[in-house]
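Next come two complexes, and both contain chain A; in the first it sits with chain B, in the second with chain C.
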Partner chain A sequence: MTERIGEIIETDSFMFVAESFTLNRPPALGSLVKAQAGGDTWVYGVVAFGETVSVDPGRGAVRRSRPDAYDEAVYTRHPELEHLLHTKFTVIPVGSRAGARVSQRIPSQPPPMHYSVYACAPDEVREFSERRLYLRTLATAELPAPVEHVLAAHLTWAYEQRGGDEAWLEQAALEVAGLLQQDVERLLAVLYAVDPEA
Partner chain B sequence: MPLDLSAIHPHIRALVDLQSPEKRMRLLREARSVLQRADPDKVRDSLEVRKKRYPWLVANPLNSLRDTFAVPPLPSGGYQVAASDGSNIPPDRHSPVRYCVLNISKVVLAYGANPMASLTSVTEMLYKEEDLSLDGAPLRAELLGAKMAVRELEVLLETALALSAPCVALHDGTLILWPLQNQPDPVRDHFTRPFRRALDGFLAERIPLLSYISYPSARDLCNALRVALCDTDTSECKTCKSDHRELCEFLGELRDRELLQGVLEPGKRTDLFATVSDVVRHYGGHDIVFCYLDVGGEIARVEMPKWVAEDEEALNLGLGVVLDQCALSGDVPPYPLALMEAHEAAVIDVAMRTVVEELVEGEFARHGLPYIRSGKDRSKRRRGV
Partner chain C sequence: MDRKRLGVVVDGSFTAGLTVRLDPGQSTEDLQIGSFMVVQGREYTYFCMLSDLQLRTSDARLIAKPPQGFTPFVSRVLSGSATYAMAVVKPMLMMPTVDVRDDSRQLAGQTPEERGVMSVRTIPMHYAELVEATEIDFRTVFGSPDKPNHFVFGQPLTMNLPICLDLGRFMERSSGIFGQTGTGKSFTALVVLAGILRKNVGSTLIFDVHDEYAYGKESEQKKWVKGLKHLFGSKVLVYTLDKAQSNRAGRPADGILEIGMNQIERADVILMAQELGLTATASATIGLLEDRFNERWLTELLAMDPESIKAFCAEKGAHQGSVEALQRKLRELQRREYVRESMNANLLDEITLALENGKHVILHFGKHNSMMDYMLVSNLVTRYVRERWRKRTEKYEVSKQAADRPRPLMITVEEAHKFLNPEIASQTTFGTIAREMRKFHVTLMVIDQRPSGIDSEVLSQLGTRISGKLADERDIDAVLTGVSDRSALRNALASLKLRQEVLVVGHAVPMPIQVRPRNYDAEFWAEVAESPVSVAEDDLEREKRELFGA
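Moving on to the complex of A and B:
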């Protein structure tokens, strides 16, 4: 079993938000994660946004550093911040797993509230990303961040998880080119960002 | 627009004029000069000799009236601080059932090698007759306030007992149970007994307990200066012919925090004074002592049991922690961070109040019991046009 990294605090059919167990460390943008959906059912999703904000929306964060205590020292001087801030990440569901069967359709049910989110091991990433229908789901989803950045982050991240699989990256880039052919600026942004030489 | 601002605007200027700034500055200078030369022995003796109590609260100086002290820096290595505050949903006259919810926060902040924070609360529901009334009379606002103060101190003690030294317990507001001042003996004793037990607990474990009052409205020290100035008796105030009469009357309206503005400097405290409040006599020997502390941008009043005031190490640790907590708040004027978090952890917001009410209402409905609120309340909620 891979690492539990968060708990779902908002969920609907096309997006879920989880609270990260580590403050200031949401999972990598573009990474593939999975949410427990009861029994042996899992929802796969791509991380499309991460943020650290005050737990209480009516009580914003204020400056806490001093000339002699900043960055990490702020957290030593203010142990309460671990309780007052939280790190959240937004995930776009792009597939599911029921037992051994992996699907790249949007799951029929959103993952349940307060259920766990796990990181995906490289083998699982390899298995899921073998087919790339899910890139279309991601490219057309309503994202909290510009789509080209999320796609580029995902391609780069998956390429590394697959052990620097250049053939995969080439195919994926071609598919993204097809998806973004109407928007050359966005397409170029993805292609420049995923170029391993860049 | 429900409020006609144009009707009050001309009066705001008149309100400023009423303060007579020049006269006030002159009298304030005189008052501060009295603070420097007044004889603390005269105040102490007057309080001791007088059979009839003064009609106002008079600070009883343990030492001087005028001395100020810099609070020494905290020992290195960190400290732990416990704090508590309370919030409640009082019994609602418009509701068909009487219940009350208390939420008392338990905050611990630890600094040093192993920084740590714990921000929790204890939630209690009172609904039995014996919890909501005393001697057959319903627990109204002021007695509910006393009950909260007692529970807050009990929870603070419970929280502080789990700490390791050096540690300090911070209480929000005063240690003087004012709402009990004019209550009959059994009512007063009902609250002072557990309050006293909690005070015993702090003493037994030598955990410095301090309470913090921001923007205090007390006049105890100003009243001590009136006693120092007075050559007659307060029963003759109305016919007083003394040259000091104008100053004395000014002191009667001045707050201690105003008197001390500029007398103290940031990080400094006044000398120590005992409160002569009546209710404290029922604390089983735990006299309450206070001083004023300039926390930088505000003069705060800090109260403590007398043993803390007499134990130099406990006093300096306590006041040092208060100043450090104020510095950590990052606000101007500052407020101790632990108390700020204690407030946040205790507060029951409007949404939560509604949830509690709906839970009660839902449970009544499930059992077929009628739950009808008053017509007045329903009309306020509906606000139809």
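Moving on to the complex of A and C:
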């Protein structure tokens, strides 16, 4: 079993938001994560957004640093920040698993509130990304960030998780090219970002 | 058999052809215009010709501002997605897909029709696959050498397998071999003629004005090639106009052809109007002479002195100046070495009889190879032969006996535009044959480098056309006169290499195809020659020595 990295604090059919267990360290943008959905069902999703904000929306964060104490020292001097701030990440569901069966459809149920979010191990990433229908789901979803950046981040991340699988990257890039062919500027942004030869 | 996939049909129409999106990674540079391809529909498999290739982009910004600084990765991904290629293929024939899956069914039957190949009547739906043609597809459409009358003419441009001409069908209608200088028209013609002789599908009468067919010639590779007389021996009779020629070693002639002035008719003279510098009144003047003297008109005209010309003009109402001019100009005929005062028809009968008996006749011109000699002799001989075939056919129509059925005769004529240009095609024997002689079992094989000079009515009657590269737009138009799918074929014709590539269209092949004709070389001779080759190689070598010293 892989590492628990967060707990769901908002959830609906097309996205869910989880709070990260480590402040300032949400999972990598574009990474594949999975959420417990009861029993042996899991929801797979791609991290599309990450942020660290004040726990109380009415009280925004203020400056804490001093000329002799900044960055990491701020947290040492203010241990209460661990409780005043929290790090959240947004996940776009792109598939699910029931036992051994993996599907690349949006799950019929959103993952339950307060359930856990896990990172995916490289083997699982490899298995899930073998088919790439989910790229279409991702490209057409309503995203909190520009689509080209999420796609580029995902392709780069998955390419590394797959051990530098260039054939996969090229096929995936071709599929993205098909999805974005009406908007060549976005497409080129993805291609330049994922290019392993650059 | 598995075929390599090239793309899928995404658009198209029956008239304009199918538009195929090429698969990512499929380069346009691997495909050649005019090549033979297959589209696999659900019910039918379509045999097509690649007629166009087009480059497209999905976003106009890629055209307005091509991205700079590509890495190979980016350019690999872009090509085949945002930038991609389309192929236009024209379906020519189709066959039920169930039959295509069964190789044995595909190769059964003597004709494409028996194998289930039919002319195309519909088009496939979206996403039918375009695939490379396999050897079996070629065999299905173009037949195998083991079928009767099928003669291996060459190979497709991209594969090493035989493409056959159905010579029976080839001879059923007039045909043409075209191409600009240097495309190998005469070697192509030699291959076809050797095939006709080998398969014995009919008789041929060849006017060998450039001294190429009877005794061979030097090829562009500076090699001496054998002529048809060398290959087929007694099956080929050579008649020469050049007496001196017949004595030379290695060039046996079977007879010397002479022509009597009594055999020359008005039409023969009018045909040469340009060469002789005749005026428009010449025809009428000759008419008056014929009225008066019948077939002796030429002899009488040339024998007239000024007094008798005056008398003739007074009697017949001819214009004296015209008669005098005509007499002056026709003296040119009298000066020909092979023209005699008077001849009986024995020699022409001999030639015709040989043709009727399944021999082949080559008329060899030797040193008498001016255009005037050529036009005079070939028109005269052809007229005589044609008359015989017409009578034979009429007899056959009455008797309906198989024995009376005239043997198919093909007359090979070079520089065809001289006989078949729009001004005179309606008057010459060749024009008549091209237009209507199919029903009398006589056809033409015209060989020409300027097909645009040939009457379009004649061109539209051609059954099979074999054309090498043509540069002139008008010539390309002329070759494709009366052919369907001209725009597709025009591209196929324009894309040929200068040498050793021809487009074959028409009656003798089920669909148009680009072919590399066979080499006319020792291997070919060994295959077609019936008896041991009558003139040995060293004879040729000796002749070469005689001609060139060395």
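Some observations on this one:
The criterion applied here is as follows: the second predicted complex is superposed on the first by the 198 of 198 C-alpha atoms of A that agree within 3 Å, B and C clash if a C-alpha of one lies under 4 Å from a C-alpha of the other, contacts with A are read in each partner's own complex, and residues count from 1 in each chain.
The rule we apply is simple: a contact is a pair of C-beta atoms (placed from the backbone, for glycine too) under 8 Å apart; a residue touches a chain by one contact, two chains touch by 3 or more.
Every value quoted in this text rests on a predicted model; they were computed, and no experiment measured them.
Superposition of the two complexes onto chain A shows chain B and chain C fitting side by side, with no clash. Between the Cα centres of chain B and chain C, as seen from that of chain A, there is an angle of 160°, stated in steps of 10. When both complexes are overlaid on chain A, the residue A:195 reaches chain C alone and has no touch with chain B. Using the contact criterion defined above for the overlaid structures, shared-chain residue A:68 touches neither chain B nor chain C, since it reaches no partner.
By the touch criterion defined above, A:142 lies against neither chain B nor chain C after alignment on the C-alpha atoms of chain A. In the superposition on chain A, A:59 makes contact with chain B only, while chain C stays out of contact range.
In the superposition on chain A, contact of A:78 is made with chain B only, not with chain C. Legend: residue contacts after superposition of the two complexes on their common chain; A:170 is shown touching chain C, with no touch to chain B.
The overlay of the two complexes leaves chain B and chain C separated by a minimum Cα distance of 51 Å. Those residues of chain B that touch chain A in the shared complex are 109-111, 115-117, 119, 328, 330, 337, 341, 344.
For chain C in complex with chain A, the touching residues are 24, 58-59, 61-62, 67, 71-74, 76-78, 80-82. Against chain B, the residues of chain A that register as touching in their complex are 56, 59, 62-64, 75-84.
Those residues of chain A that touch chain C in the complex are listed here as 170, 173-174, 177-178, 181-185, 187-188, 191-192, 195-198.
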